[in-house]
Each structure stands twice: as C-alpha cells, then as structure tokens.
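Have a look at the structure below before the remarks.
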Amino acid sequence: MLEVTNAILHYGAAEALRGVSLTAEAGKITCVLGRNGVGKTSLMRSIVGHNRLTSGSVAFEGKALDRSAAYDRARSGIAFVPQGREIFPLLTVKENLETGYAPLGRADRNVPGHVFELFPVLRQMLSRRGGDLSGGQQQQLAIGRSLVMRPKLLVLDEPTEGIQPSIIKDIGRAIRYLRDSTGIGVLLVEQYLDFCRDLADVVYIMDRGQIMHRGQAEDLDNPEVRKLIMV
Amino acid sequence: MGFLRNVVAAGLMLAATLVCAAADEAELRQLVAKFADANNFQATEAVVRELGATGSPAVEGLLTALSQGSLYVRKADDAIFVGDEVGPDIKLRDPLNGEAVGTVAKAGLTKIKVNNTLRRVIRDALGGLTLGSNDPAVRLAAADTMFKNPDPATIAALDAAIAGEAVDSVKARLEQARASAVLLSDLGEADKMAAIDILSSRADQDSLSQLSRFQASAEGPLRASAAAAVATIDQSLALWQVGQNVWYGISLGSVLLLAAIGLAITFGVMGVINMAHGEMVMLGAYTTFVVQQVIRDTAPGLFDWSLAIALPMAFLVSGAVGLAIERGVIRFLYGRPLETLLATWGVSLILQQAVRTIFGPTNQEVGTPTWMSGSFQLGQLAITWNRLCIVVFCLAVFALLLHVMKRTPWGLQMRAVTQNRRMAASMGIRTPRVDALTFALGSGIAGIAGVALSQIDNVSPNFGQGYIIDSFMVVVFGGVGNLWGTFVGAMSLGILNKFLEPYTGAVLGKIMVLVLIILFIQKRPRGLFALKGRAVEA
Amino acid sequence: MISQRFFAAGADRRIAITISILIGVAVIVPTLNIAVAPDSAFHVPSYLVALVGKYLCYALLALALDLVWGFCGILSLGHGAFFALGGYAMGMYLMRQIGDRGVYANPLLPDFMVFLNWKELPWFWHGFDHFWFAALMVMAVPGLLAFVFGWFAFRSRVTGVYLSIITQAMTYALLLAFFRNDMGFGGNNGLTDFKDILGFNVQANTTRSALFAASAATLALGVFVTWRIIGSRYGKLLMAVRDAESRTRFLGWRAENVKLFAFTVSAVMAGIAGALYVPQVGIINPGEFDPANSIEVVVWAAVGGRGTIVGPIIGAVLVNAGKSWFTGALPEFWLFALGGLFIAVTLFLPSGIVGMWDSWQAKRSGRKAAADAADATAVPEMAIAPAAIVRGGRPAAGAAPEPQPAE
Amino acid sequence: DDTIKVGVLHSLSGTMAISETTLKDTMLFLIEEQNKKGGLLGKKLEAVVVDPASDWPLFAEKARQLIEQDKVAAVFGCWTSSSRKSVLPVFEELNGLLFYPVQYEGEESQRNVFYTGAAPNQQAIPAVDYLMSEDGGSVKRWVLAGTDYVYPQTTNKILKAYLESKGVAGEDIMVNYTPFGHSDWQTIVSDIKKFGSAGKKTAVVSTINGDANVPFYKELGNQGVKAEDIPVVAFSVGEEELAGLDTTPLVGHLAAWNYFQSVDAPANAEFIDAWKAYTKNDKRVTNDPMEAHVIGFNMWVKAVEKAATTDPDAVIDAIVGVSVPNLTGGFSTMMPNHHITKPVLIGEIQADGQFETVWETPGLVVGDEWSDYLPDSKSLIADWRAPMSCGNFNVATGKCGGKAGTTN
Amino acid sequence: MSKANTILYLDGVSVSFDGFRAINNLSLVLDKGEMRAIIGPNGAGKTTMMDIVTGKTRPDAGEVYFDGNVDLTRHDEADIAMLGIGRKFQKPTVFENHCVEDNLLLSLKGPRSILPALFSRRSTAENKRIDDIFDIIRLGHRRGDLAASLSHGQKQWLEIGMLLAQDPKLLLVDEPVAGMTDAETEETARLLKQIAETHSVIVVEHDMHFVRELGVKVTCLHEGSVLSEGSLDFVSADERVVEVYLGR
C-alpha cells in the first residue's frame, strides 16, 4: 500500500537518506529499526510530508504522493504519531482528539471507543490542556489522536517512548487488534527490540541513511543482523 | 438633530396657523416688516424681543426660521419671507401663515444674519410663546428653557400654565421652572423654602448651580436650607459621577475592544505581528464613506441604513485585502513571526499611501444616521446614542467571535494550526485554507470595527495609526491568545482611563495608564488572563 | 570586488574589514569635505557629510538594538527612547552652551523657559553646562533607565511580546511626558537653536566633519565592543538565553542578569548614538520617542540581517538612504517604494541582506564540502555539517532553525 | 540657467499630511499661475517638492537638500512649530528663505523666515475680545482647551494673562490639555458642560490640533452642547477640517482666522474659481494657510522683482514694506519684523461646512512677534531693516538680545 | 527522620494544579552517594517531583531539603543548580542554535556571573574536560554541528553530556534511555553506575531492563505518593505495582 523508492533526503548539504526503498502493506506491521541518527525519523517525516525528498518517490495505494501536501497525505489515510509527541499544547485533550475530525465526514466525527479503552487516562483528562499532561500521557494522546482519523496506514515513530510498561503492552495488543480487525497497515519505528519482535511482520534495519536489511521478525535473533543495531 | 428641529418647526407652524386669526395680524406684520431695516444684530434682537412680547403664537414659525437662518428680505420690496433652499433658488413662504408665495433666485434675497446671542434671545422668546402649545413635548422644552433662564417676571405665566397643565411630567418641570424664578424674585420666605424643596428634588447640575448661587446671597434659615439642599445634591451627583465614569469607561473600553478584536485573531491567535491591522480598520472606515457617498448620490432615503449596508461591505473589503495579504506575503512567513512585523509594516505603509492617493490626504465625511445622533438622559447620565450603539455592537461582535473560536470546527482548526502547523497538517487540516480564512476573518472584523469607529473619529489615511498601539496594548495586556483577556483588558483599561482622567487630566492619565500597564505586566508577565502551567512553557 | 571579499569573509575578518572601513571613512570624508575644493569631483558636499553622519548614528542605534534583539531575543520596541534620552542629555548641554546668546538674552535659562515664564533653572538642568557631566549623563540616563526597567522586567520573567509591548509603553509614556511643557524639556518643539559644542560652532564645516568622524569612530568602537561581547562565553550564553532561557537557569546561569547586562549596554550605546545625532541634525524633540520610530529601528535591523553585527549597520544606512532619496525623488509615492522594499526583503531575503549572503555562502561551501566528501571513500559518519559553522561566530542563518520567536 | 527653483517643504505623508498636502498643491498652483504670467525675471519657476514625512529631523535634512543641492531661491513650507524650529538653523546657516504660512505661538523672529500666518495677537486675542463683547455674548467664564504642546500652551498662557488683565477671576478659567490625536472626548465635553452650567456665560477657546478636532466636535454635537449655550471658538479648525464633518449640529460654533472661503471679495471669488479649475474638483475648499501662502508667494515675487535678483540678502532687504492684495479685499504688508498685517475675522460654522463672518477687526492687525502679555518678551521688538537688523531688540536695555554677535 | 547525611529529603510534599493533586503528601529520602531508580505510571508525578526539587514548581506544602539543611523551597532554579543539583529533562532540551561543543562549554562547572563570562578564556582543563565528555557521549565527530541537527537520541546523549559537565552533587535524570537502542541503554546504565560511585543520582525510567541493570533501590510512585519501595524484585512483585504499572 505504501511504497518508498530510492528516497534521498538532504538537510542542507548533509545527506540523511541515501536511496531508501521500503514497502509497507495493508494488514501488516512493518517495523523499522536502527541506531540513533541513522535516519528513521527522517524517513517517516518524508513519508507523511514533513520533509521534502531530494529525489526518489513515495506512493500510497498506487498514487504518487511526492507533490501532495502533508494534509492531503493525511486525508488519503496516513496518520502519523511523531517522535516527540507534538500534541497541541493549548488545546484540551478533547480538542486534541477532535482535530482528527478534519478529514472525516460528518457522520464519522466521534472518538472511536477503543481509544478510551486503550488509554483510559485520556477519558479522565478530557478537559485538561494537552500541554499539561505528563510525557507518557502526551504520548498516549498522540496515539489516540491518530486513531480518531480512522487511518489506512498508521505511521508510528517510537510510540512506546516514555510509556509505562503496562500500557506498552496494551499498545502492542491494540496495534495487533487494529491490524487484524480493520486491516490497516502499520509502519513502526522502534528501538525497543522486544516490542518489535513481538509485533513485526516485516522488519527493516537502517544504518547511515540506508536500508541494510529487510526480513522477518525472527531475523532479529540472528547475531549478524543484531550487529547492525548495536553500537 | 436637524431632523428633530424640523419636526418641531413643522409642529409650530401648524399651531401657529390654527390660532393666527386671534392675533391682531396687521400689527404683527408691521412688526415683522421691521426686520428689513434692522441691519445689525442689536437691531434684529430688538425686533425679536418685540415679537416675543406680543405673546402671539403666530410668530413662532418665523422666529424658528430666523434662528435657523432661513428668514429672508426680498431685495425688491423689503418684504420678509421664510425661505426653503431648493437648489439655486429659494421657495418663499409667508412668515405668519406659512402660505407658499413663490420661488425666487438667491440673488434676489438677503438672508437675515443671526449669531449666537440672537439665537439665544430667540430661544427665550420662543420659550414664553410655546408654554401654551398643544404638544406636551414643546411645553416641556419651553419649561426647560425657562428653567435655565429664570426670570421672576414669568412667574405669573408659569402659574397659569401649571394650573392648566394636565401632563404630570410637564407639570413637574413647570413647577421647577417656577421655583427657579421664585428664588430670584422678592417673594416671601415660605415661597422660597418651597422653591428650594422643589429644586433639590430635581437634583441635577443646573439646580445645584441655581441653589448655590441662591445660597451665596441668601440669609438665615433660607441659607441653611439651601446649603442643606446643595449638600444633598452634591452627594447624589457624586454618585452619578461614578456611574458616569463607569459608563464612559465602558464606552471607551468598547472602542478599544473593537479596535483590538481583529488583532486578537491575527496576532493573538495566529501570531502574526500585524502592523497593518490599523489599516484594515481604516479600510472599513473608508468603505463606510464610499457606501454613504453612493447612497447620498443615488438613494438619499436609505441614508439611515447606510451603516447596515456598510457593515457587510467593510467585512468583505477588509477581509479580501486580508486574504490577499495572507496569500501574497504572510503565508511565506509562518514560523518566523518577527518577519511578519517587517512585512506587515511595509503593507501598512503601502495601504496608507494607496488610500491617500485615491481619496486624498484629508478627512472624509462619514455621516451619522439620525437614529444614532444625539443623546438621551438616564437619571443624571447623558448617554449618547452613538456610544450606546458602539457598546452594543461591540458586545455582539465579541460574542459572535467567541462562538466561532470556541464552538465551531473552524475555530478548533484555527487554534490547532497556529499551535503546530505541521502537525495540524498531518491531522488532515488544510492549513493554507485555514490560515487564509483566519487572517481574512481577523481583517474582516477589523473592517467592521472601522465602520463603527468611523462614527466617532475622523476618517483619514492615518485613521488606523491611531489605534494600532492601543490595540496591541489591549491584546497583550489581556494575555495573547485569550479572547476573554482581550475583552476584560479593553474594558479595564477603558474604565481605568476614565477614572484617572478627571483627576490627572487626559495626558497624565494616559501616561499613568501606560505606567500601570508596565507595572502590571511585572506582576503578571503573561497578561491578565495568563495561561499557566506546562502547556505554555512547552 | 571588495564587497565580494567582504561578504565572503569569515566573521572575524568581516568585523576587521568593517572597522577599517569605518575608520577610513572617518578620516577620508572630512578630508574630502574640507580640504578638497568644492568644484573638484572629489569634493564631498557638507550636505552629504551631515546626511551620512546621521545614518551612522542610526546605524549605531540599530547595532545596539541588534545586540539585544538579534543576540538575546529581546525585541525592544522602545529603543528609540534610549536614543532620545541620550539626545536630550546632549541637547541640554548644547542649550546651556547658548548662554546669553538666546533670543531673550537670559544667561541662565534656555529660551523656552523664559518664554514659559520660568524663573529658575529646574534642578535636573544643573551640571549640563559641563561637557563631562553631559557626556556622563548621555550614558547614565539611558543606562539607568534600562537597568531599572530591565531589572524589574527580567526578574519578573517578562518575555516575548509582553516585553516588547511594555518597552513600547515605556517610550510612548515618555513621548507623552516630553510633549508636556511642564516637564521642562521644551515641549514638542524640543531643544534646538544650538550654537556651540565644546566651544566650536556646531554649524561650521569643520565641526560637522569632526562630528562625522566621531560618529564613524564611535560606530567602529561599537562594532568592536559588540563583536567582543558576542565572541565571548557571555555572548554564547546570551544566545543560549535567547533560545532556551529556562534551560540556562537549570545550568545555574542567572538569565535575568545576562539579559540585564546586554540591555543596559545596548541602552548606553543607543544613548551615545542619540548624543552624536543631536548636534548633527540640530534638534531633539519628543518625536524621537514615537513608538513608530522604534519600530523602524527594528525594521532596519531586520532588513540588514538580524543577529549579525554588520547587518543592522547595512540595514540602517540602506533604509535611510532609500528614505532620503525616495522622499526627494518620489515625494508622493515613496511609501509605496519603501513598503515594497520591506515586503521584498522579507520574502526574498528572509534573514536580511547579510544573513542571506551568509546562508548562500554556506550552501555553496557546504556543497563543495559535500562534493569533496563524496570523493573521499571512507566517510566515517554523517560527518558533513548541515551548514557551515563559523567557529566562535554565529551559525549560518537560514539553514539554522529559527530562534525562538518573540512569543 | 533659465529656471528659478522654488522649494516646497510640506509633509505629504505621516500625521501632518492631512493639513499640509493642500499647501503643496497651493504652491504648485501659484507657481503655475506665475509661469502663465510669464514667470519671474523672465525665467520660468520650477517647483521642487520633497516629502519631509511629518518627521522633524527629516525637515531639517530636506531643507538642507533644497537649499544646498537643489539651490532653490526660496522655500515655502512647514506647518507645526516643531518643524519650523527644526529647519531654522538650516535656513540661518545656509542663508535661505522660508515662508511659513501657519498661525503659531509667536515669540520668534528670524532673519530668513517670513511669518505669513497669524501671531497670537492676530487670532487669539481678537477672538477673546469678540466673545467678551456684547455681540459675542458677553462671555464671563472660559475654558481654554488645547492639545498638549507648545502652540496651545503658549497661546493659552497669553490668553490667561490677557483675561486676567481684563478682570476675569482665576476660578472662571478652566484649562485643559489633551494628547495629540485624542479621540475620546466624553469626559472633557461633560466637564465643559458642567463648567458652563454655573450660570455665567461660558465659552470654549479651542487650540485643539488637527486630528483631534473631528471627534471633539462629534462629541459636542452628540452631547448637545449648542453654540447658543457654550460657543466654541477654534484657532485650528478651518474649512478643510470641517470637510470631514456633518456640521449641522455645530452651527454657530466659531473660528477665528484671517481668511474664510466665504469672504465676499472679488479677489477671493477669482482665486476660488481658479483653484477649483486647477484641481479639477468643484468641492475643493480653500483655507487660511492657503491664503497665507498666496500672500507670501506674491510678496516674494514682488520683492524679487524689486530687487531684480533672487539673492536672499537682496530679497530680505527688498521685501520689508512690500504690499500685496490679500484675498479678503485688502492689502497685506510685510512688516520689518517679518510678520505681516492681516485682518482678523470671526466666523460661525454653517450647515454647509463654511464659515459666516460675524465680526471682523475694523482694520489690519500687525503681527506681534513678541507678546505684550508675557513679562520677558514685553520689551522685545524685531526689526530686520538696517541698521537695527535684529530679531530681538530689547527696548529696555537698548541692546539686540542674544543674537547680537551672530546676526549678519 | 533525620535529615543529616541525606542529600535529598522530601517530607509531606504536595502540589496541585487547578485542583488536581499531582503530588500528594510525598516523602522521599535519598542518602548521600545513593542512586535511586524511580518508576511509576505515566502521570504519577515523577517529573513533577523533579520540578519541585529543581525549583521549577513550588510545592503547596511540605519540606524539601538538600544536603541535609538547605531548604530548596527558598531558592530559585539558578540557585539550586549552583548548589549542585543537575537535571536531565524528559524531553531533551539543548541549545539548538549552538554547536554541540558550546552546549557543553556553557554547562561546564565554574563561576556563573557575567564578568568572568565576558572575559574568561577557555582553559586547558576545560578543554580536557570537554574532550572527556565527548568520549563518553560519543558525539566527538559532531562537536562543531548545531545541536538542532542532532537526532532525537543524539540529543539525549548531549543532555547527558551537559549534565556531566555540570558535575553536580545530585543528578536528576528523567528517562535517559528513551529512544536509545538496547546497546546504548546498557551503555548508559554502566555510565550511571560509574557516576554513582561519586555522586548521588535519581533516575526515572520506564525501561525495566535498564532499571534492573542499575541494580539499585527502586521507588514506585503512584498518584503523587510512594506506592512501593525496595529492590526491583520486591517492587515488581508487589501486586499493586503490577496492577497500575507493569501490567500482566
């Protein structure tokens, strides 16, 4: 459903992505791993339209996205949970969730029940300002918010960062549930290896702006592959 | 005002024709003819006094006409006429019975000049004449005139009028007029005591000054009782004074709020340091001018509706200009708010000069619809209609805006976009559209503020400059991004200003308000309605 | 081309060149004005000397503003007030120098006081008959105001637009106050009709040239001082406070003191600029406190390049030269031209003239470096800087993320 | 070469553009008319227009540019006293000529400047005299309301001294100042009403400047302050200011000037027609500062013709005593103090935005540069003719004030 | 409880925001030289506790003492930092417009007043210290780059470096390994243990592997107060901790 071909990205003169190709499929969880600073975030941001690629292309459901703006990508069904949360600090939790209504028809404008099941704390804090939440709560809000959009592809950049263990487990369960029940595709960046191994259908490993390995979750037990993500 | 005067005049005419027959018409005509020879103000004044002394209601019309400057001498035969200007000609009417006599070119007539002294003499004369009018409003006006110019000689006439008066409110005024005359008369102590009571019940500035003048010259118990009355009135007036300051403060606050409210969006919500905000207000004011100009030329009858027509027009004009500015300049500057200052400063210069080039540098006349002119009395408060309209209008605009911001999806998207444009886009919000419409909304609101402000200020290319500093002050004082803050900020600055002004004068008052703002910000570094907590620091 | 080399130079070299140019101008222009015959092609007319002298004072003011705005993120919309106060201090000295040559021939009281029927010199006018005292006040009054104002504001952690607006309120309040005749500063007519400075006739060509040279030299000194400040550890701290004030506190720095120092130094610089300005234009009046004037200073700095040392100078000179020229050449349309210029600068030179030049240079050298790096086979990591960093100086603008906005 | 340049130094932008732009147009008009008549000394006149943008130091810069760069023969310009003060040293230094067309506070006489507007005695004092007279309503109580700056403050100071000399008690004078551009007049108008309700005939003398007038008059109208009750006499409100107002509620309020558009004189009618034709605008009004420029320009032309050169020194010598027709049907003469003689007119506002003259001085009034009502200027006079050639001669000490050393 | 020999002493501390009690009668004592791990659900008040200690938030009630007898509620952030409390923030906050090296330079222990900052030059000792830190945080190859251009994880490291440069007596480390790879996590644990030999440390983390690696006493906060305290095994065996935090 998502296809990245030969993506090259520069920050000024520095090259952060050096010809990355990757596919993510509907109904599958695609995991991207890699050390700090290898370009995972850069790749995700290129996919959702926050960075503009120097060259290469991104296609979603067969349509090239390279010229479309971030909001059009979102409207075509890509939801994004960025690294660093980026919730709207001065909007209440409720309003943060409601920002996800924008691409929806009038009938769909509600918060799906599983959001509150997954993150009960959000229900308690509906009227608190997003920026006042604790780090982990914000992360939960960011994930919840993306689910409101009923995406076809969910792009998650280190979603477990700062989240308490029990909820990490819940998130894992939820991702699996979403994949199985709605058949959405999930593109997941993770450092947390165990989490990844449990979830991933497909695994990519990046290093220095390039894909070094593509395979299955089980590959992660292979020491050769593991070396790629060790210091 | 002019309209009102015409109504009164018409009423007088009617009354005059009805009772005309009773007076000795020939004698009156002789008197009227004297105007032709009166070639200075004193002489004219003498004629007016003589006419007034006849007590004949028939002269009301002609005296009113004289005070309005529409009494003429026909050069050919020194005959006197009331004239109505019709283009280059003047339609003549008989001064006593109002019958149309024909039309004459202006050059064939000499206008009888009036000055302020003369106007006053005429008004006094009319006051005596109209005591017996059929219209209670006219009698009321007469009573007021006589109250303000007390003359013991009128006591008898007033007594008669009081005896025959059926309307209570008019009767009360007549009694007050009589009381004021009594104080100056040589009537006995009992009468004067009664007069003091009546005056002290009136309890306004006029009765106060009459009583205090009386007190100065009176002796014994009269003096004491006058002093007591003065003290009571003083007290009640002091209270009214507070009420008046509050009202003035609210009305100044409304002006500040109107001026600032568009900025509360473009700057407060969007974070654009919009130095061209004042020019958006100015465009609204010029739109009003153009609308009125068109109405004057094409459909003068609609003039009272001109503001209602100008409001949507101004919203569209300023909104469209705002849209153009956003699309043309500002959209390239998101995330760089300081540069919006530079660019909008440039825009502001250009807009000012454009208006100057198109309309000229001088003031343009924006008229006030009749229903917004003048004032009414609420107790001892004189409330002018235009201020009241502005207060009401401003509250309405504020409520509407609050609704849009807090209760509509658009409002939510606006706020989301300004807090994190990139992430908002990733939520599927069409950020460019939201940006453009938000800026247009802020500008449009500034435009309709311009319509209202054109009613109290002069419409010139500098119009907006006068408001820009105050607007920023209000928005910041209230707390950036908080509409209620803007509201409370504007009102409290308005009221503060108006409470300081009587003690310090306008200049020092303004300086003190500025200093207080500086000190206040030390206490609340993020404005009156500061947002607190992590959310803000993040 | 000199300008080519000048712009391309590293920060330090650029400063050195700027200072040399200023010193050169300080020497050459007066010489060409006084020593060269008026009909010579090299003669610089007095008109130009006065004009450029004025620009130099503006440039110093813009530099002062940039010290706090560009390097410390304090957007002062009231810097005109410090400039004006310095100007008034100098103006008071010049007024006292008139002595009994005023129209009423009062040896003690300036004309406007006589004319308003004042009987004695107000206390705050004492001492201004001495140049040293006036010179001290030129620095002390703006400095003290800035210190007190800043002490309260920074301690209360007033930041961003809130700070901007209260600085604006300050200059606005001073404007209204100085307009009042009762204040004893000549009301809206201000101080004017100066005769001598240090015994020399202010209208004489030589005096004018000397003032010009003094302005250029002072600006050079200002550049030097600013450069030293910026280059020091304190300068880095200043920028750190600009970008993340609260973080510096958690490192133990007192952000309020950091800002206060810069604000005070900047106010003193602005005051000196004002003091040099007044004898050259011959008048100081409350118009200088007009908030619009202070905004204009911000505009100059932005046009030239905020957060650079040379930028504000170029901006001030360019905008004012443009204004002088346009108001004569296109008297009825010059606002279109000036307004258009401001818009164009923001759109096409988003970090000002110097900032844009820098980032263009950075991109060029960056590409070159990238190309070099691509040749080398073993690239250890993403070793290439995203933007060329000027060591010890300011990182290249444009490529750098924007500093925290005022709000 | 074959042109004579004339500098026009009026703000075309900024706060003063509203008043000064018309004066620039007036100058262009006068120069065109003069050229139609064959120019001056056989040369064409050429206007050099600059925009000092309501910025006082810029006035000085532009003045310098006009004289030094453009070599203009004379400059017509300035409005506010501040702008004039700002350019004075320049004109003195470069020996230029400035014609200043606006009423001002007096207390000045400079060799290079010709004051064609009114001094306080040509406007303020006659206005007060009128109000004190029976015709004017025998006013006993006075509100002196002005914008807080030098011209109103000085004028009020002079007026206060004058009123007190006429026996007006201190408690019967209320002085009030407002900032520039003041727009909220509610409190002040209600204070005026209160002050005026004390039973004595009250009048307001307004030195309110420029922009602040429109809201002031609007508030007067709305609060129903009628001219019969409390007349307002203004010194800065002319036809141009009224053009932005609905004057119906203001009928009867007064202004004191040396010229009104409504003045019934052939010279005026001719001028108005020519002006409307020149501006191609039937609604363009004329006003007092315009007339001052007309007078000043004609005086300069005559003086240049008399001296047969535009050399400033020659013109300065030639112009004293020059008489030219003013637009009110008489002649105005340049006096040795560089002020001119003018009639003083009091007019009442009419519903059509014009003034109707209700009173005028029987003859011409000589501009008094040093007020007789201020203690320190009482004994000063100005006379720029040789041999005195002094702007501040002290008749008490017999010395030429402070400028003795520098006059040349 | 005696305050002597404690580096940090909190007793009965409460704080609420708009009526919400984020910290509720919290008592916590850290001995000199001790390292403590703090865990607890999201929103338990861990970061708020650090805010209180570093002077960012004033407690509504309770005592906060440093080094036995210094009442921290009487000091502001800068004072507290100078007293010797350093902090790494949960969300990495570095000086983005400074190069990596200058970030460290500004953090280096030393005088904190204006004049020295104006005139001081960099000493060789300082250079050495910076080089050492670069060795630890492995960012030496990027010392001249703008901090803004670092990736998230690199910024985490830089913050740790800044904390080291400060050389405080007490280190408050909020989620240091968020966004780090497992290998880096182990590396960080080693580093912290090494630091703890000479300093007192409080670490907040959700990564149980990491906490286990540290092998120190653990405090679990919940709803603003201590829920459980003891060795990791002890705490993770606590039913309530499993219920609210670890999950099943």
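So that you can tell them apart, the chains are marked A, B, C, D and E in the order they are listed, and the count of residues begins at 1 in each.
Quick note on the criterion: a residue touches a chain if its C-beta (ideal position, glycine included) is under 8 Å from a C-beta of that chain, and two chains touch if they have at least 3 such contacts.
A quick map from chain label to UniProt name: A = Urea ABC transporter ATP-binding subunit UrtE; B = Urea ABC transporter permease subunit UrtB; C = Urea ABC transporter permease subunit UrtC; E = Urea ABC transporter ATP-binding protein UrtD.
Small disclaimer: the values here were computed from a predicted structure and weren't measured.
Shared contact partners of chain A and chain C, listed by label, are B, E. Between chain D and chain E, the least number of touching-chain steps is 2.
A comparison of the C-D and C-E interfaces places the larger number of contacting C-beta pairs at C-D. Taking the mean of each chain's C-alpha atoms, the chain whose centre lies closest to the overall C-alpha mean is C. Of all chains, the one whose Cα centroid sits at the greatest distance from that of chain A is D.
Chain B and chain E, compared by their mean Cα positions, are separated by 65 Å. Once the centre of each chain is set as its mean CA position, chain A and chain E turn out to be 29 Å apart.
Put simply, the C-alpha centre of chain A and that of chain D have 75 angstrom between them. Averaged C-alpha coordinates put the centre of chain A at 62 Å from the centre of chain B. Under the contact definition stated at the top, the residues of chain D that touch 2 or more other chains are 12-13, 148, 177, 179.
Contact of a single residue of chain A with at least two other chains is seen at positions 11, 14, 37, 132. Looking at chain B, one finds that residues 352-353, 465, 507, 510, 533 touch two or more other chains. Against chain C, the residues of chain E that register as touching in their complex are 54, 56, 76-78, 81-82, 86-87, 93-99, 102, 105-107, 112-114, 117-120, 122, 141-142, 144-146, 148-149, 162, 166. Interface residues of chain D, counted against chain B in their complex, comprise 12-15, 17-18, 21-22, 134-137, 148, 176-179, 181-184, 186-188, 190-191, 193-194, 197-199, 211, 213-215, 218-219, 221-224, 227-229, 231, 240-241, 243-246, 248-249, 251-252, 254, 348, 350-351, 356, 358. Within the complex formed with chain E, the chain C residues making contact are 229, 232-234, 236-237, 239-240, 242-244, 246-255, 257-258, 261, 380-381, 383, 385-387, 389, 391, 395, 400-401, 403. Contacts from chain B toward chain C in the complex involve residues 271, 273, 275, 329, 332-333, 335-343, 345-350, 352-354, 357, 465, 469, 472-473, 476-477, 480, 507, 510-511, 514-515, 517-518, 521-523, 525-527, 537.
Against chain A, in their complex, chain B makes its touches with residues 409, 412-413, 415-416, 419-420, 422-432, 481, 531, 533-536, 538.
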